[in-house]
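Reading through the C-alpha coordinates given below for one structure.
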Amino acid sequence: MPVKTGNISLSTRGNTDIIDITKELERLVAESGLKSGTVTVFCPSSTSGLTTVEYEPGAVSDLKRMFEEMIPSKREYAHNATWDDGNGHSHMRASLLGPALTIPFVEGTITLGTWQQVIYVDFDIRPRQRELVVQILGE
Amino acid sequence: MPVKTGNISLSTRGNTDIIDITKELERLVAESGLKSGTVTVFCPSSTSGLTTVEYEPGAVSDLKRMFEEMIPSKREYAHNATWDDGNGHSHMRASLLGPALTIPFVEGTITLGTWQQVIYVDFDIRPRQRELVVQILGE
Amino acid sequence: MPVKTGNISLSTRGNTDIIDITKELERLVAESGLKSGTVTVFCPSSTSGLTTVEYEPGAVSDLKRMFEEMIPSKREYAHNATWDDGNGHSHMRASLLGPALTIPFVEGTITLGTWQQVIYVDFDIRPRQRELVVQILGE
(Lines give C-alpha, C1' and ligand atoms only; values in the text may rest on other atoms or scores of the structure.)
Protein backbone atom coordinates (compact mmCIF):
# COMPACT_ATOMS: atom_id res chain seq x y z
CA MET A 1 0.00 0.00 0.00
CA PRO A 2 1.63 3.22 -1.13
CA VAL A 3 1.72 6.60 0.59
CA LYS A 4 1.21 9.77 -1.45
CA THR A 5 2.13 13.16 -0.02
CA GLY A 6 0.64 16.42 -1.26
CA ASN A 7 0.34 20.02 -0.18
CA ILE A 8 -2.30 22.73 -0.26
CA SER A 9 -0.99 26.32 -0.42
CA LEU A 10 -3.26 29.06 0.87
CA SER A 11 -3.14 32.83 1.21
CA THR A 12 -5.34 33.65 4.20
CA ARG A 13 -6.64 36.89 5.69
CA GLY A 14 -6.22 35.59 9.27
CA ASN A 15 -8.72 36.60 12.00
CA THR A 16 -10.68 33.33 11.86
CA ASP A 17 -10.62 33.20 8.08
CA ILE A 18 -12.61 30.11 7.08
CA ILE A 19 -11.53 28.55 3.78
CA ASP A 20 -13.17 25.68 1.91
CA ILE A 21 -10.42 23.23 0.86
CA THR A 22 -12.69 20.44 -0.38
CA LYS A 23 -11.86 20.78 -4.07
CA GLU A 24 -8.09 20.72 -3.43
CA LEU A 25 -8.47 17.57 -1.33
CA GLU A 26 -10.62 15.86 -3.95
CA ARG A 27 -8.07 16.72 -6.62
CA LEU A 28 -5.15 15.33 -4.58
CA VAL A 29 -7.03 12.09 -3.91
CA ALA A 30 -7.91 11.76 -7.60
CA GLU A 31 -4.29 12.43 -8.63
CA SER A 32 -2.98 9.82 -6.17
CA GLY A 33 -4.46 7.08 -8.34
CA LEU A 34 -5.52 5.24 -5.17
CA LYS A 35 -9.02 3.80 -4.95
CA SER A 36 -9.64 3.30 -1.24
CA GLY A 37 -7.97 4.54 1.93
CA THR A 38 -7.70 7.60 4.13
CA VAL A 39 -6.58 11.16 3.53
CA THR A 40 -5.07 13.03 6.49
CA VAL A 41 -4.87 16.83 6.33
CA PHE A 42 -2.58 18.55 8.80
CA CYS A 43 -1.82 22.20 9.71
CA PRO A 44 1.87 22.65 10.57
CA SER A 45 0.86 25.64 12.68
CA SER A 46 -0.25 26.40 16.24
CA THR A 47 -2.70 29.13 15.24
CA SER A 48 -5.00 27.33 12.81
CA GLY A 49 -7.18 24.24 12.62
CA LEU A 50 -9.42 21.97 10.53
CA THR A 51 -12.97 20.66 10.64
CA THR A 52 -16.03 20.33 8.40
CA VAL A 53 -19.10 22.54 8.02
CA GLU A 54 -21.92 23.24 5.60
CA TYR A 55 -20.04 25.98 3.77
CA GLU A 56 -22.68 28.67 3.30
CA PRO A 57 -22.39 32.29 4.48
CA GLY A 58 -24.75 31.89 7.45
CA ALA A 59 -22.97 28.92 9.03
CA VAL A 60 -19.57 30.46 8.28
CA SER A 61 -20.48 33.68 10.14
CA ASP A 62 -22.03 31.68 13.00
CA LEU A 63 -18.76 29.79 13.34
CA LYS A 64 -16.74 33.01 13.56
CA ARG A 65 -19.10 34.32 16.24
CA MET A 66 -18.89 31.03 18.16
CA PHE A 67 -15.10 31.21 18.41
CA GLU A 68 -15.18 34.91 19.37
CA GLU A 69 -17.68 34.23 22.15
CA MET A 70 -16.01 31.08 23.48
CA ILE A 71 -12.45 32.41 23.30
CA PRO A 72 -12.57 36.23 23.06
CA SER A 73 -9.84 38.11 21.22
CA LYS A 74 -10.17 41.17 23.49
CA ARG A 75 -8.93 40.07 26.90
CA GLU A 76 -5.56 39.40 28.45
CA TYR A 77 -3.65 36.17 27.74
CA ALA A 78 -0.47 35.03 29.45
CA HIS A 79 0.91 34.22 25.99
CA ASN A 80 0.48 37.87 24.96
CA ALA A 81 2.01 39.16 28.21
CA THR A 82 5.16 37.16 27.42
CA TRP A 83 5.49 37.55 23.68
CA ASP A 84 3.48 40.70 23.01
CA ASP A 85 2.23 39.27 19.72
CA GLY A 86 -1.49 39.62 20.46
CA ASN A 87 -2.51 36.20 19.20
CA GLY A 88 -3.07 34.37 22.49
CA HIS A 89 -6.70 33.70 21.53
CA SER A 90 -5.54 32.30 18.16
CA HIS A 91 -3.46 29.65 19.94
CA MET A 92 -6.35 28.66 22.23
CA ARG A 93 -8.85 28.35 19.37
CA ALA A 94 -6.40 26.29 17.34
CA SER A 95 -5.69 23.89 20.22
CA LEU A 96 -9.40 23.43 20.86
CA LEU A 97 -10.36 22.82 17.21
CA GLY A 98 -7.36 20.59 16.50
CA PRO A 99 -4.76 20.61 13.70
CA ALA A 100 -5.65 17.36 11.92
CA LEU A 101 -8.49 15.66 10.09
CA THR A 102 -8.57 12.14 8.63
CA ILE A 103 -11.27 11.27 6.10
CA PRO A 104 -11.93 7.97 4.29
CA PHE A 105 -12.10 7.79 0.50
CA VAL A 106 -13.81 5.00 -1.46
CA GLU A 107 -13.69 4.47 -5.23
CA GLY A 108 -11.41 7.49 -5.48
CA THR A 109 -13.88 9.86 -3.79
CA ILE A 110 -13.82 11.41 -0.31
CA THR A 111 -16.85 10.22 1.66
CA LEU A 112 -18.19 13.66 2.56
CA GLY A 113 -21.90 14.30 3.04
CA THR A 114 -23.85 16.28 0.46
CA TRP A 115 -23.83 19.46 2.55
CA GLN A 116 -20.42 18.97 4.15
CA GLN A 117 -17.20 20.76 3.21
CA VAL A 118 -13.69 20.54 4.67
CA ILE A 119 -12.52 23.86 6.09
CA TYR A 120 -9.21 25.30 7.14
CA VAL A 121 -9.57 28.02 9.79
CA ASP A 122 -6.76 30.52 10.22
CA PHE A 123 -7.07 32.09 13.68
CA ASP A 124 -3.90 34.19 13.45
CA ILE A 125 -4.31 37.97 13.57
CA ARG A 126 -2.77 38.84 10.24
CA PRO A 127 -2.74 37.49 6.68
CA ARG A 128 -0.58 34.39 6.37
CA GLN A 129 0.82 32.21 3.64
CA ARG A 130 0.07 28.63 4.72
CA GLU A 131 1.00 25.20 3.42
CA LEU A 132 -1.05 22.23 4.62
CA VAL A 133 0.28 18.67 4.48
CA VAL A 134 -1.94 16.04 2.86
CA GLN A 135 -1.02 12.40 3.45
CA ILE A 136 -2.92 9.77 1.46
CA LEU A 137 -2.71 6.07 2.44
CA GLY A 138 -4.54 3.41 0.50
CA GLU A 139 -4.57 0.89 -2.28
CA MET B 1 -1.56 -3.69 3.43
CA PRO B 2 -5.23 -3.96 2.60
CA VAL B 3 -8.04 -1.49 3.19
CA LYS B 4 -11.42 -2.71 4.43
CA THR B 5 -14.48 -0.47 4.22
CA GLY B 6 -17.53 -0.92 6.43
CA ASN B 7 -20.60 1.01 7.47
CA ILE B 8 -22.62 1.52 10.63
CA SER B 9 -26.33 2.28 10.13
CA LEU B 10 -28.12 4.14 12.90
CA SER B 11 -31.63 5.39 13.60
CA THR B 12 -31.19 8.43 15.83
CA ARG B 13 -33.61 10.64 17.76
CA GLY B 14 -31.58 13.79 16.96
CA ASN B 15 -31.34 16.61 19.55
CA THR B 16 -27.87 15.62 20.75
CA ASP B 17 -28.68 11.93 20.77
CA ILE B 18 -25.56 10.16 22.07
CA ILE B 19 -25.13 6.61 20.77
CA ASP B 20 -22.51 4.06 21.83
CA ILE B 21 -21.06 2.50 18.63
CA THR B 22 -18.21 0.57 20.29
CA LYS B 23 -19.63 -2.91 19.63
CA GLU B 24 -20.23 -2.21 15.95
CA LEU B 25 -16.66 -0.94 15.56
CA GLU B 26 -15.21 -3.95 17.36
CA ARG B 27 -17.24 -6.26 15.14
CA LEU B 28 -16.06 -4.54 11.93
CA VAL B 29 -12.42 -4.73 13.03
CA ALA B 30 -12.81 -8.41 13.92
CA GLU B 31 -14.50 -9.15 10.57
CA SER B 32 -11.70 -7.38 8.66
CA GLY B 33 -9.32 -10.19 9.56
CA LEU B 34 -6.58 -7.59 10.12
CA LYS B 35 -4.42 -7.83 13.23
CA SER B 36 -2.90 -4.38 13.61
CA GLY B 37 -3.66 -0.95 12.17
CA THR B 38 -6.07 1.94 12.52
CA VAL B 39 -9.83 2.26 12.20
CA THR B 40 -11.20 5.61 11.05
CA VAL B 41 -14.87 6.40 11.67
CA PHE B 42 -16.38 9.28 9.75
CA CYS B 43 -19.78 11.07 9.77
CA PRO B 44 -20.78 12.11 6.24
CA SER B 45 -22.87 14.86 7.83
CA SER B 46 -22.49 18.47 8.96
CA THR B 47 -24.80 18.09 11.99
CA SER B 48 -23.18 15.23 13.90
CA GLY B 49 -19.84 14.24 15.37
CA LEU B 50 -17.73 11.61 17.11
CA THR B 51 -15.70 11.29 20.30
CA THR B 52 -15.25 8.95 23.27
CA VAL B 53 -16.78 9.05 26.76
CA GLU B 54 -17.41 6.80 29.73
CA TYR B 55 -20.86 5.75 28.54
CA GLU B 56 -22.93 5.89 31.72
CA PRO B 57 -26.16 7.91 32.17
CA GLY B 58 -24.53 10.63 34.31
CA ALA B 59 -21.73 11.48 31.88
CA VAL B 60 -24.11 11.22 28.92
CA SER B 61 -26.50 13.79 30.45
CA ASP B 62 -23.57 16.03 31.45
CA LEU B 63 -22.41 15.98 27.84
CA LYS B 64 -25.85 17.03 26.56
CA ARG B 65 -25.91 19.89 29.08
CA MET B 66 -22.37 20.95 28.10
CA PHE B 67 -23.32 21.35 24.44
CA GLU B 68 -26.56 23.17 25.29
CA GLU B 69 -24.69 25.64 27.50
CA MET B 70 -21.75 26.20 25.14
CA ILE B 71 -23.83 26.45 21.96
CA PRO B 72 -27.47 27.14 22.92
CA SER B 73 -30.28 25.90 20.73
CA LYS B 74 -32.55 28.84 21.62
CA ARG B 75 -30.96 31.91 20.10
CA GLU B 76 -30.65 33.33 16.61
CA TYR B 77 -28.19 31.90 14.08
CA ALA B 78 -27.40 33.38 10.68
CA HIS B 79 -27.77 29.86 9.26
CA ASN B 80 -31.38 29.73 10.49
CA ALA B 81 -32.13 33.24 9.19
CA THR B 82 -31.11 32.08 5.70
CA TRP B 83 -32.45 28.54 5.56
CA ASP B 84 -35.18 28.62 8.21
CA ASP B 85 -34.36 25.05 9.23
CA GLY B 86 -33.72 25.76 12.91
CA ASN B 87 -30.57 23.67 13.22
CA GLY B 88 -27.90 26.40 13.28
CA HIS B 89 -26.72 25.20 16.69
CA SER B 90 -26.48 21.62 15.35
CA HIS B 91 -24.01 22.75 12.70
CA MET B 92 -21.88 24.65 15.24
CA ARG B 93 -21.73 21.75 17.69
CA ALA B 94 -20.80 19.35 14.91
CA SER B 95 -17.98 21.56 13.62
CA LEU B 96 -16.58 21.97 17.13
CA LEU B 97 -16.69 18.27 18.03
CA GLY B 98 -15.41 17.09 14.65
CA PRO B 99 -16.66 14.48 12.17
CA ALA B 100 -13.84 11.92 12.40
CA LEU B 101 -12.07 9.66 14.86
CA THR B 102 -9.07 7.38 14.20
CA ILE B 103 -8.29 4.65 16.73
CA PRO B 104 -5.47 2.07 16.72
CA PHE B 105 -6.18 -1.64 16.94
CA VAL B 106 -3.66 -4.27 18.04
CA GLU B 107 -4.08 -8.06 17.93
CA GLY B 108 -7.49 -7.49 16.36
CA THR B 109 -8.79 -5.35 19.24
CA ILE B 110 -9.42 -1.60 19.42
CA THR B 111 -7.15 -0.05 22.07
CA LEU B 112 -9.91 1.62 24.10
CA GLY B 113 -9.59 2.13 27.85
CA THR B 114 -11.67 0.07 30.25
CA TRP B 115 -14.19 2.87 30.86
CA GLN B 116 -14.06 4.40 27.38
CA GLN B 117 -16.67 4.00 24.65
CA VAL B 118 -16.87 5.46 21.14
CA ILE B 119 -19.93 7.67 20.67
CA TYR B 120 -21.73 9.14 17.72
CA VAL B 121 -23.57 12.36 18.59
CA ASP B 122 -26.45 13.46 16.37
CA PHE B 123 -27.03 17.19 16.91
CA ASP B 124 -29.75 17.56 14.29
CA ILE B 125 -33.20 18.58 15.50
CA ARG B 126 -35.18 15.62 14.26
CA PRO B 127 -34.79 11.83 14.06
CA ARG B 128 -32.40 10.83 11.28
CA GLN B 129 -31.31 7.68 9.52
CA ARG B 130 -27.50 7.84 9.44
CA GLU B 131 -24.77 5.78 7.84
CA LEU B 132 -21.22 6.16 9.16
CA VAL B 133 -18.17 5.20 7.10
CA VAL B 134 -15.61 2.92 8.73
CA GLN B 135 -12.22 2.62 7.03
CA ILE B 136 -9.81 0.00 8.37
CA LEU B 137 -6.14 0.06 7.35
CA GLY B 138 -3.68 -2.51 8.62
CA GLU B 139 -1.99 -5.82 8.18
CA MET C 1 3.09 -1.34 4.08
CA PRO C 2 3.96 -2.32 7.64
CA VAL C 3 2.35 -1.20 10.88
CA LYS C 4 4.56 -0.37 13.88
CA THR C 5 3.04 -0.12 17.36
CA GLY C 6 4.67 1.82 20.18
CA ASN C 7 3.76 3.22 23.57
CA ILE C 8 4.49 6.35 25.56
CA SER C 9 4.47 5.95 29.36
CA LEU C 10 3.77 9.05 31.43
CA SER C 11 3.51 9.93 35.11
CA THR C 12 1.09 12.85 35.28
CA ARG C 13 0.00 15.19 38.06
CA GLY C 14 -3.61 15.25 36.80
CA ASN C 15 -5.70 18.46 37.10
CA THR C 16 -5.23 19.47 33.46
CA ASP C 17 -1.55 18.57 33.46
CA ILE C 18 -0.24 19.48 29.99
CA ILE C 19 2.71 17.37 28.84
CA ASP C 20 4.81 17.82 25.69
CA ILE C 21 5.18 14.38 24.02
CA THR C 22 6.80 15.59 20.80
CA LYS C 23 10.24 14.08 21.44
CA GLU C 24 8.80 10.64 22.29
CA LEU C 25 6.74 10.69 19.08
CA GLU C 26 9.70 11.73 16.97
CA ARG C 27 11.79 8.95 18.49
CA LEU C 28 9.13 6.31 17.81
CA VAL C 29 8.78 7.43 14.19
CA ALA C 30 12.57 7.37 13.74
CA GLU C 31 12.81 3.90 15.32
CA SER C 32 10.06 2.57 13.03
CA GLY C 33 12.42 2.82 10.09
CA LEU C 34 9.51 4.06 7.95
CA LYS C 35 10.01 7.07 5.69
CA SER C 36 6.51 8.32 4.94
CA GLY C 37 3.09 7.75 6.47
CA THR C 38 0.97 8.72 9.46
CA VAL C 39 1.42 8.39 13.20
CA THR C 40 -1.75 8.07 15.30
CA VAL C 41 -1.54 8.75 19.03
CA PHE C 42 -4.41 7.56 21.18
CA CYS C 43 -5.35 7.93 24.88
CA PRO C 44 -6.98 4.73 26.19
CA SER C 45 -8.73 6.89 28.78
CA SER C 46 -11.97 8.88 29.16
CA THR C 47 -10.37 11.66 31.25
CA SER C 48 -7.55 12.85 28.99
CA GLY C 49 -6.97 14.13 25.47
CA LEU C 50 -4.52 15.22 22.79
CA THR C 51 -3.89 18.29 20.65
CA THR C 52 -1.03 20.62 19.65
CA VAL C 53 0.04 23.98 21.05
CA GLU C 54 3.04 26.30 21.10
CA TYR C 55 4.49 24.79 24.26
CA GLU C 56 5.59 27.85 26.23
CA PRO C 57 4.48 28.69 29.80
CA GLY C 58 2.07 31.47 28.75
CA ALA C 59 0.07 29.41 26.27
CA VAL C 60 0.11 26.41 28.61
CA SER C 61 -1.42 28.45 31.45
CA ASP C 62 -3.93 30.05 29.05
CA LEU C 63 -5.01 26.57 28.02
CA LYS C 64 -5.58 25.49 31.63
CA ARG C 65 -7.65 28.63 32.24
CA MET C 66 -9.66 28.04 29.05
CA PHE C 67 -10.74 24.56 30.15
CA GLU C 68 -11.55 25.74 33.69
CA GLU C 69 -13.74 28.54 32.33
CA MET C 70 -15.48 26.48 29.65
CA ILE C 71 -16.05 23.41 31.82
CA PRO C 72 -15.68 24.40 35.49
CA SER C 73 -14.44 21.89 38.04
CA LYS C 74 -16.50 23.45 40.86
CA ARG C 75 -20.13 22.74 40.00
CA GLU C 76 -22.39 19.72 40.13
CA TYR C 77 -22.19 16.98 37.48
CA ALA C 78 -24.58 14.05 37.11
CA HIS C 79 -21.52 11.82 36.75
CA ASN C 80 -20.32 12.88 40.22
CA ALA C 81 -23.78 12.46 41.75
CA THR C 82 -23.77 8.83 40.61
CA TRP C 83 -20.17 7.79 41.17
CA ASP C 84 -18.99 10.31 43.76
CA ASP C 85 -15.55 10.43 42.15
CA GLY C 86 -15.45 14.19 41.56
CA ASN C 87 -14.09 14.07 38.03
CA GLY C 88 -17.22 14.86 36.02
CA HIS C 89 -15.52 17.90 34.52
CA SER C 90 -12.52 15.74 33.55
CA HIS C 91 -14.77 13.52 31.45
CA MET C 92 -16.41 16.50 29.70
CA ARG C 93 -13.10 18.17 28.87
CA ALA C 94 -11.70 14.90 27.52
CA SER C 95 -14.73 14.27 25.29
CA LEU C 96 -14.56 17.81 23.91
CA LEU C 97 -10.81 17.78 23.20
CA GLY C 98 -10.82 14.24 21.78
CA PRO C 99 -8.67 11.18 22.51
CA ALA C 100 -6.81 10.84 19.20
CA LEU C 101 -4.46 12.72 16.91
CA THR C 102 -3.11 11.61 13.51
CA ILE C 103 -0.07 13.41 12.08
CA PRO C 104 1.75 12.84 8.79
CA PHE C 105 5.48 12.13 8.66
CA VAL C 106 7.67 12.63 5.60
CA GLU C 107 11.32 11.59 5.20
CA GLY C 108 11.16 10.12 8.69
CA THR C 109 10.10 13.38 10.35
CA ILE C 110 6.74 14.46 11.77
CA THR C 111 5.42 17.46 9.81
CA LEU C 112 4.93 19.77 12.81
CA GLY C 113 5.30 23.53 12.50
CA THR C 114 8.28 25.31 14.03
CA TRP C 115 6.32 26.52 17.06
CA GLN C 116 4.02 23.52 17.36
CA GLN C 117 4.29 20.71 19.92
CA VAL C 118 2.08 17.66 20.51
CA ILE C 119 0.56 17.67 23.98
CA TYR C 120 -1.16 15.11 26.16
CA VAL C 121 -3.60 16.69 28.63
CA ASP C 122 -4.55 14.73 31.73
CA PHE C 123 -7.82 16.15 33.09
CA ASP C 124 -8.23 13.63 35.90
CA ILE C 125 -8.16 14.97 39.46
CA ARG C 126 -5.22 12.98 40.78
CA PRO C 127 -1.78 11.87 39.58
CA ARG C 128 -2.02 9.00 37.11
CA GLN C 129 0.28 6.56 35.42
CA ARG C 130 -0.71 6.62 31.72
CA GLU C 131 0.26 4.63 28.66
CA LEU C 132 -0.55 6.09 25.24
CA VAL C 133 -0.81 3.95 22.12
CA VAL C 134 1.18 5.05 19.07
CA GLN C 135 0.32 3.41 15.75
CA ILE C 136 2.60 4.14 12.79
CA LEU C 137 1.50 3.25 9.24
CA GLY C 138 3.71 3.92 6.27
CA GLU C 139 6.35 2.73 3.90
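Every chain is named by a letter (A, B and C) in the order it is written, and numbering of its residues begins at 1.
In this section, contacts are C-beta pairs under 8 Å (C-beta built on N, C-alpha and C of every residue); 3 or more make two chains touch, one makes a residue touch a chain.
Remember, predicted model here, so these are calculated numbers, not experimental data.
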Same vs different contact residues, subunit A with subunit C, by half of numbers used: different
Superposition rotation for subunit B onto subunit C, Cα-based, multiple of 5°: 120
Mean-CA-position distance for subunit C and subunit A (Å): 19
Junction residues of subunit C, two or more chains touched: 1, 38, 70, 96, 98, 102, 137
Of all residues in subunit C, those that touch subunit B in their complex: 1-3, 5, 38, 40, 42-46, 70-71, 77-83, 88, 91-92, 94-96, 98-100, 102, 133-135, 137
Contacting residues of subunit B [partner subunit C, same complex]: 1, 36-38, 51-54, 56-59, 61-63, 66, 70, 96-98, 101-104, 106, 111-113, 115-117, 119, 137-139
